[in-house]
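In the two complexes that follow, subunit A is the common piece, with subunit B as its partner first and subunit C second.
And now, the complex of A and B:
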């Protein structure tokens, strides 16, 4: 510890950066969260955790959302992981056709705003939904999609791709020689699967379940559209603040939500990952064991096809909805909705692009810097920096948003109503992904290269700028591409900090849903998806260029 | 000789969770100006850690490092005048050979022209002239190694540090390159600290060798001293192969010492006047310092239990009695006279190369 401190002081560049990073993490991550805690425990400055008491007493308006959130979270985590596992198994372990298509379909929900699925669930299965009407006309019965069924359906579709991506990596990372040895030793296919494949994938499954649980608990976009009379914590916290102006109640709901999310996050990060048997070498063996038994692969293929069709149907419905006159009344095709989006909604779109465009490079650089510090440098407080910077990965967006409102509403730092507060929310909510990309890339760069630079007299800044940054440029650009699209589609945190002057396109979409203008909402959705795809395509192209240029030199 | 690099009571402890491993344990070493000293030892003996402490990549927990007349114990690497040739080279993959070698000069704010000249001279010295504009990925392993050497040499460090620089090369290239390094080092009279676990490499390249085990220096000396007069059983066994035989001191006269072998026979060796009559000591007998003889005619007798023919050498293991066997090497073995397992054979020990270790 004393050694580390001494080193830090002797490298002034590193010292300054560490202090600045800590200051920004403290101010924009820890401080807002602290304000949430403070408001829930010390409303008006004295210790009075009234609502915690009510919660423990079991008052329904506090206890029900908690139980509802956990119910939805558990169901979504299990269903989504199962679907993700089937997708991953089919892609890595069988030789069915159309795997590229499945992979592409599974990424759709990741790049689109999550609540788009809730919107199309209403278009399909709502009171005036296409399927609802068809069934009612032919068989005469109906149902209510709002509430638990709608939440589980939309969130499962929205988040199973995360399980798929986790488990694809896990399955691809299992050395096929292990499965071959089992077969070679006389085990049947089924026995090989249950005794070898499944146990090896267990840490990955646990990680996927926890990840989906976190995502479901913190989801705001889907519940606000489709929760109906089944209140969940995120939406209740939002309503407590924006509808009832009851800050202590909102803050208490936040803390009640925070506890299960952070527990799941810590389990996932520090327990499950340490139990992983799969060593990530950066090059998964492509020669996976291909299951060719028709009785295994075709039923699985059927399931995956069905699920893919449902995903495509959901997104297709948004497109269709965007071109209809007035959903539920007049289904004739029109371009009016787009005319509306590009006139009334034009400022929302440009605002979104502008603010995301400012936040992305700033967040990207800060993310890479933190990744570099925590994975390559030794200084006191490194573990704390690591944890703090990844905090917002686990903290639900709605809590981040409420924290910003509580923290920056009054001097000394008064930011509410400005563009700056939106940019800050973007940066500090989305940075963890950039950090993870950066760390992953840095793990592939030999630390000797850094040491060689220091050995030849380069200080912190020179090493970072001349050596580290050029070497991990592709990851930086990729991280920024993700961050940019995540900013454009984000809703849960920014909904708390938007203002009349600075309104964003996702929030505009929600207002249309609120007004029951589903067609206009769908048109917003289409525009968002197109913009995100363009952004990803463009940045992909840039990454390609960077990679190509580097490829000439790289080993 | 004037010491350029001095390590005094240097200590480094690695702590992981509940364990603490003492990697370097109160290590003392002085490297003279222009001298090449090798740290040699088995893996985990602390040799690389010691080098990294000198380079500034690790911070010692105790002791001090002096470079010239300055203490540099806690100076960060970018401000100490050392340069390292890394085991994995650590070449910057996004820079050309020229840019790699020029990097250290640029950080030292050397004028552009001088950079160009110095890089050119150094690349010529290591035999890479003409490859300035290649990226490292377009070079062979041996060439990459020489870029790493040039990059360290060009900044004229007070001490050059080598961290197993040849371990990524194939056997033949390793021998060529070590001769090359030795020549350049002598030519420039550059003070060097060299880490290797390969004893042949250490013997060939070093002015002096420090044998390390468990973070401690076991012996420092010239390659000859280390081999012929090992300070303890570890050094004797680690450097080359050694047969260790317990013998009893029978008589100590002026220049002659009589030793009783376990089978009762007595041999007489010169030197070792400090030994006390009656004490048991360990005799270090090198495999090549034993001649084969007809049974019953040598100092010892035994049964051949292994025999290998490797071309230049015939190596035998001879069991003297149950539980004790010794290794023997015969240079230039011929087909006739090559012994088969099972045969009885007599052994004659070279008196002059027997070294005596006091029991601990």
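And now, the complex of A and C:
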């Protein structure tokens, strides 16, 4: 400890940076969350947790959303993980054709605003949806997509790719030699799967389930569109603040939501990840066991094809909807909706691009800086910095937004209504991903290079700029591309801080859905998806290439 | 080549200069997005040097926003929404008076705040919107009484707005209280909550949902039923409850502490003019300026049975009624 302090004092550059990073994390992550807690427990300065009392008494407007959120979360976590596992198994363990296509389809929900799925669920399966009408005309029965079924369906589709990506890595990390030995010793395929593959994948499965549970609990976009008479916590917290300005109620709902989310996050981060059974030492073997038996691979292939078709159908529906004149009545094709988006929505689009464009480099640099400090430097409070910076990864966006309203609505720091507050929300909500990427990349760079630079007399800034940054540039670019698209598609936190002057395109889309102007909403959705794809492509192509080349030189 | 550049630079300069010289007015409006564009667009044509930036919020959300921004509002003018929310906002010191406005002075007492804190611009009536295809297929009549809504045929196929987010929603709740008394009115709302498909945040949203066939019946203001339903080509029909229905005086006000009150006053006066009020034709609203042109086949107060709607009482009891409503319905 004393040693660490001494080192900190000896390197003034490092010292200043650590203090600044702590100050910003404290002000823009810890303080807003603290305000939420404070408002729920001490509404007017005195300890009066009225709504917690009501919650424990079982008042339906508090208890019901809690149970509903948990129900949806559990179902989505299980269904999404199952779907993700099937995808991952097919991609890593069979030799079916079209794997690249499946992988591409699975990334669609990640780069689009999640609530697009809720929108297309209504276009397809709503009471006047395309499928609903077809089924009703031919078989005479109908259903209600609003509420639990719609929530589970849309969130499963939105979040299964996360399970897929987690499990693909896990399955690829299981040494096929183990499975082969089991087969050689006479075990059947099924037995090998249940006794070897599945147990080895269990930590990955648990991680995926918890991750999906968190995502579903904090989802705001889908529920606000499709929750029907099945209220969930995020939406109720939003309504309590924006509809009633009942700050204690909103804050209490936030805390009730925060508890299961944080428990799941801690389990996922500190328990599950410790129990991963890595069986690969050295290179990941991609060659090896493949299920080639037709009776295994073709049914699985069929399932994956079906699921992919559903995903494509959902997105295709948004495109189709965007070109129809008046959804539900007049299905003739038109470009009017896009004319609308580019006239009325032009300001929202430029606002979004502008603010995301400012937030992305700032968040990217801060994220890399924190990653560097946390994984490379020794100083007091390192673990705290790590935890603080990852906090908003677990805290639902709606709570971040409400925290910002509570923290920055009154002096000394009055930011509501400005562009700055949106940029800050973007930075501190989306930065953790950049940090993850940064840490992963840093772990592959030998620390002796840093040390050599330090030995040769370079200070903190010089080492960071000349050695570290060029080496991890690819990760920074990837992280920033992700952050940019996440900013453009985000809604849950920023919906609390948008203003007359600074309105964003996702919020505008939601207004159209509110008004049930589905064609116009779909047109907004198409524009968002196209912009995100363009942005990722451009960032990847331009910056990535330039930086990568420089990075190679440095190496 | 050089000439091209010069022209380009000059063009850019004029654009920048024009943007620089333009004054900006921020407005919060409870009007539907498509509707707000009609009035704000017309205003901008009339006053091209004033640029209007605006946000649509439902009336309850708008009040919540003003409470949240207390004293440091992001807009200078509040356009549209039932007077109940304006009365409450005045009580809480969120509005600025404008008694100098000629339009305010000319309006009859019952349509304005006596101290000039808000002014009426239109009236509207709570009504039912029904999907005609649904009615035909099931051999049903559109609901003509509040109790018709509880018919089993409509169960799970009704949508209406939250009373806390939406001015329409609260007008409905208050109407039922005025009609049946507080206890019975709330009890009726509780019964409704067991048959609704879902609640919406915006008051006019149920109309489009009825048009789309997402629900069979919606409760909304009659002008929204016409403008967003029948006039748009949806299979929607309009009906009123025979026991009597509630109404709003849609209002407008200056927001206290607003950044551009001088520009807001120009809009305020313009909105009360016959020229602006004639634009209500497009949305089948009933204008309050007697010189304004009326929409064809417009429904006015003398054609339907109205309850004695006491906007002052509705305003003063809003927070209490909504808390009760939440406790009873659980939404």
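Simple rule for what comes next: the second predicted complex is superposed on the first by the 537 of 555 C-alpha atoms of A that agree within 3 Å, B and C clash if a C-alpha of one lies under 4 Å from a C-alpha of the other, contacts with A are read in each partner's own complex, and residues count from 1 in each chain.
Definition applied: a contact is a pair of C-beta atoms (placed from the backbone, for glycine too) under 8 Å apart; a residue touches a chain by one contact, two chains touch by 3 or more.
From a predicted model like this one, the values you see are computed outputs, not experimental measurements.
**Student:** Putting subunit B and subunit C on the same copy of subunit A, do they fit or clash?
**Tutor:** Taken together on subunit A, subunit C would fit alongside subunit B, as the superposition shows.
**Student:** Quick one: is A:302 in contact with subunit B, with subunit C, with both, or with neither? Answer first, second, both or neither.
**Tutor:** neither
**Student:** Among the partners subunit B and subunit C, which is in contact with a greater number of residues of subunit A?
**Tutor:** Result: the larger residue contact count on subunit A belongs to C.
**Student:** Using the touch definition from the top, say if A:467 reaches subunit B (first), subunit C (second), both or neither.
**Tutor:** first
**Student:** Is A:199 in contact with subunit B, with subunit C, with both, or with neither (first, second, both, neither)?
**Tutor:** neither
**Student:** Of the two partner chains, subunit B (first) and subunit C (second), which one does A:316 touch, if any: first, second, both, or neither?
**Tutor:** neither
**Student:** With both complexes overlaid on chain A, does A:344 touch subunit B (first), subunit C (second), both or neither?
**Tutor:** Once the two structures are laid over each other on A, A:344 reaches subunit C alone.
**Student:** Mind working out whether A:26 is in touch with subunit B, subunit C, both or neither, as first, second, both or neither?
**Tutor:** neither
**Student:** Counting only touches as set out at the top, which of subunit B and subunit C does A:12 meet: first, second, both, neither?
**Tutor:** Touch status of A:12: no partner.
**Student:** For the superposed arrangement, tell me the lowest C-alpha distance between subunit B and subunit C in Å.
**Tutor:** It comes out at 42 Å between the closest C-alpha atoms.
**Student:** Touching subunit C in the complex: which residues of subunit A?
**Tutor:** So the residues of subunit A touching subunit C come out as 59-61, 64, 122, 126-128, 144, 146-147, 227-229, 231, 239, 241-245, 326-330, 344, 347, 405, 409, 414, 416-417, 498-501, 503, 511-512, 514-518.
**Student:** Spell out the part of subunit B that touches subunit A in their complex, as residue ranges.
**Tutor:** Residues 55-57, 59, 61, 74-79, 82-84, 86-95, 103-104, 107-108, 135-137, 151-152, 155 of subunit B touch subunit A in their complex.
**Student:** What residues on subunit A touch subunit B, complex-wise?
**Tutor:** Checking each residue of subunit A against subunit B gives 3-4, 6-7, 10-11, 446, 448-449, 451-459, 462, 466-467, 470-471, 550, 552-555.
**Student:** Tell me, which parts of subunit C touch subunit A in their complex?
**Tutor:** My answer: residues 26-28, 32-34, 37, 53-56, 58, 60-61, 63-65, 67-69, 72, 74-75, 156-157, 162, 164-165, 196-202, 204-205, 207-209, 211-215, 232-235, 322, 326-327, 329-331.
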